[in-house]
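Following are the structures in question.
In what follows, subunit A forms one complex with subunit B and a second complex with subunit C.
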Partner chain A sequence: MLTEAEIKTFVDGAMHYFAVSARQPVAVGSPYLITDGGTPAVHEYTGVIAISGRRKGAVCFTAPRSMLMVLLMRMNETDTSETNMKDLIGEVANTISGNARRDFGKDFVISVPSVVDTEGGKFRPPVNARPFIIPLNWRSHSAKLIVCLE
Partner chain B sequence: MADILVVDDEPEVCDSIALTLGLAGHTVRTAADGPAGIAACREQAPQLVLTDLVMPLAHGFEVIGRVRSEFPGVRILAISGGGEFGTSAYRPEAVTTNAYLAAALEMGADAILRKPFNRQELLAAIETCLASTRNSTEH
Partner chain C sequence: MNAVRPLKLMIVDDSNIIRRRIERSQQIERLRVVGSAANGREAIELFEQTQPDVVTMDLTMPEMDGIECVEHLVARKPELLILVVSALADKATAVEAIRKGANGFLCKPFTDRQLNDALAELLQDA
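On to the complex of A and B.
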């Protein structure tokens, strides 16, 4: 079972990214569990951090292109190409990953994030654990943090 | 050149589109949400409404529906970068840009444009919409 401290570490990583890079805080919505073996609905861009060691699974940050476009504009980036959107989602995942490395230490082996094309809206977590979804609301956009750990 | 109303809740996006269209010679008004967009249409109907789809208060589909019913001659260009309606709602189905844009066409939009887009893509989509106005007037 996920602990509150573990979830907080991942959420803090995402919150830190928005506070520093977008200069606007993200609001954390009500978390929920996906039950009955369902797969979480994801947006078009998803950054995935694989986790092994004391825990096994993945943490994902998924966001719609509309949110990433505005995030890039907030950073004074005029190039809102697919490449830059993927780089951006990777940066958010990297911040979450760095936060987890700092908090969890050697018990967790945390991968370099990979960016997955989830245009079809489907993502199957790499383990059987029930995905825990934390909505992250920023301006009028909503992203999700998906924590799926055994 | 056309009178264009841009409806988008993101000020950065709205301003960027307005600047691009203004530099291309169009007359541009902006509205920050669906109700403001509908009110602006009622005040003075534009030739073309460019509307985002995922917005607070009233989403773009409502804007398209209202414009279609009240101002049938106004052209509509729908833009979207995906997202969710209701910031905390759990939606088990895919919430993709393409699905939203397809729904916008079904609702009556004349053309669609996926975010992000560059200047050339925006101006081409506007021209397509306005050309459809000219074609329907000629026939």
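On to the complex of A and C.
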């Protein structure tokens, strides 16, 4: 289970990512816990970072194509191909997870990003822990950061 | 008047978007991109072919991570200038990268200006 301070680390990480990369703030909704055994609903693209070391689980960033398209443009990226969409979703998850090591320390070991097939619109957490959802709203687009740590 | 020879830059990052951002840096005027690699193993092969003067290096990559790659590259060319560009924000990782031979550390996410400044600082030593 995540502590309040740990949740704040990920909230701050998401806010920092958008403030720097998109040069526009993201609005963060109230984080909430998925009910026991529940699987979070996801958007078209989901980037996953597996966590190992002192903590085990996953950090995911899930967003619709429309949001990623605008985000790429804000980064002066003209290539909005499927490949770059998947690259971006993984890079956002990677950056927020990597930045969390500022608070969690070096034993918070992050994997390379993977983009999971979320056909059916659900993400099954890799560990027996209830996922925390951090809702994000940016330029009328909704996304989620899903943090699931034992 | 002698023209200043641009330094050869190799970009190592598993993200295509980051590689392209680095290619667009203003400092690129002083650099010539000789190639890009998506992991440490590819980077070592590319290094042998292109003999770069400057490298930007991600840390979390498949096949071979950036720290191990820095060690390999510095063993081959000790004067190589390496800027680590990584999301790993803990101090211990930055210290380890510098200890292994990197010359600078830029934390992701970064603005164009931060990238420009980090490369400019690195190139002061060239």
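Criterion: the second predicted complex is superposed on the first by the 146 of 150 C-alpha atoms of A that agree within 3 Å, B and C clash if a C-alpha of one lies under 4 Å from a C-alpha of the other, contacts with A are read in each partner's own complex, and residues count from 1 in each chain.
In this section, a contact is a pair of C-beta atoms (placed from the backbone, for glycine too) under 8 Å apart; a residue touches a chain by one contact, two chains touch by 3 or more.
Just so it is clear, the structure is predicted and the values come from calculations on it, not from any experiment.
**Student:** Once both complexes are superposed via subunit A, do subunit B and subunit C end up clashing or fitting?
**Tutor:** In the arrangement built by aligning on subunit A, the partners subunit C and subunit B fit side by side.
**Student:** With the two complexes superposed on chain A, say which partner A:24 touches: subunit B (first), subunit C (second), both, or neither.
**Tutor:** Neither partner.
**Student:** Figure out whether A:16 sits in contact with subunit B (first) or subunit C (second), or with both, or with neither.
**Tutor:** A:16 contacts subunit C only, not subunit B.
**Student:** Figure out whether A:88 sits in contact with subunit B (first) or subunit C (second), or with both, or with neither.
**Tutor:** second
**Student:** Just checking: does A:102 make contact with subunit B only, subunit C only, both, or neither of them? Give me first, second, both or neither.
**Tutor:** The answer is second: A:102 touches subunit C but not subunit B.
**Student:** So, A:114: does it touch subunit B (first), subunit C (second), both, or neither?
**Tutor:** neither
**Student:** Considering only the touch criterion stated at the top, classify A:77 as touching first (subunit B), second (subunit C), both, or neither.
**Tutor:** second
**Student:** A:52 contacts which: subunit B (first), subunit C (second), both, neither?
**Tutor:** A:52 contacts neither subunit B nor subunit C.
**Student:** State the minimum pairwise Cα distance, in Å, between subunit B and subunit C in the overlaid complexes.
**Tutor:** 17
**Student:** Which subunit A residues lie in the overlap of the subunit B contact set and the subunit C contact set?
**Tutor:** No residue sits in both footprints.
**Student:** Under the definition above, what is the set of subunit A residues touching subunit B in their complex?
**Tutor:** Counting only subunit A, the residues touching subunit B are 29-30, 32, 38, 41, 43-44, 64-70, 73-74, 80-81, 85, 119-122, 133, 135, 137, 139-142.
**Student:** Spell out the part of subunit B that touches subunit A in their complex, as residue ranges.
**Tutor:** Listed in rising order, the residues are 9-10, 12-13, 16, 52, 54-56, 80-84, 87-88, 90-98, 114-116.
**Student:** Which residues of subunit A touch subunit C in the complex?
**Tutor:** 16-17, 20-21, 23, 72, 75-77, 79, 83-84, 87-88, 90-91, 94-102, 104-106, 108, 110-112
**Student:** Using the touch rule from the top, collect the residues of subunit C that touch subunit A in their complex.
**Tutor:** 14-18, 20-21, 24, 60-62, 86-90, 92-93, 107-112
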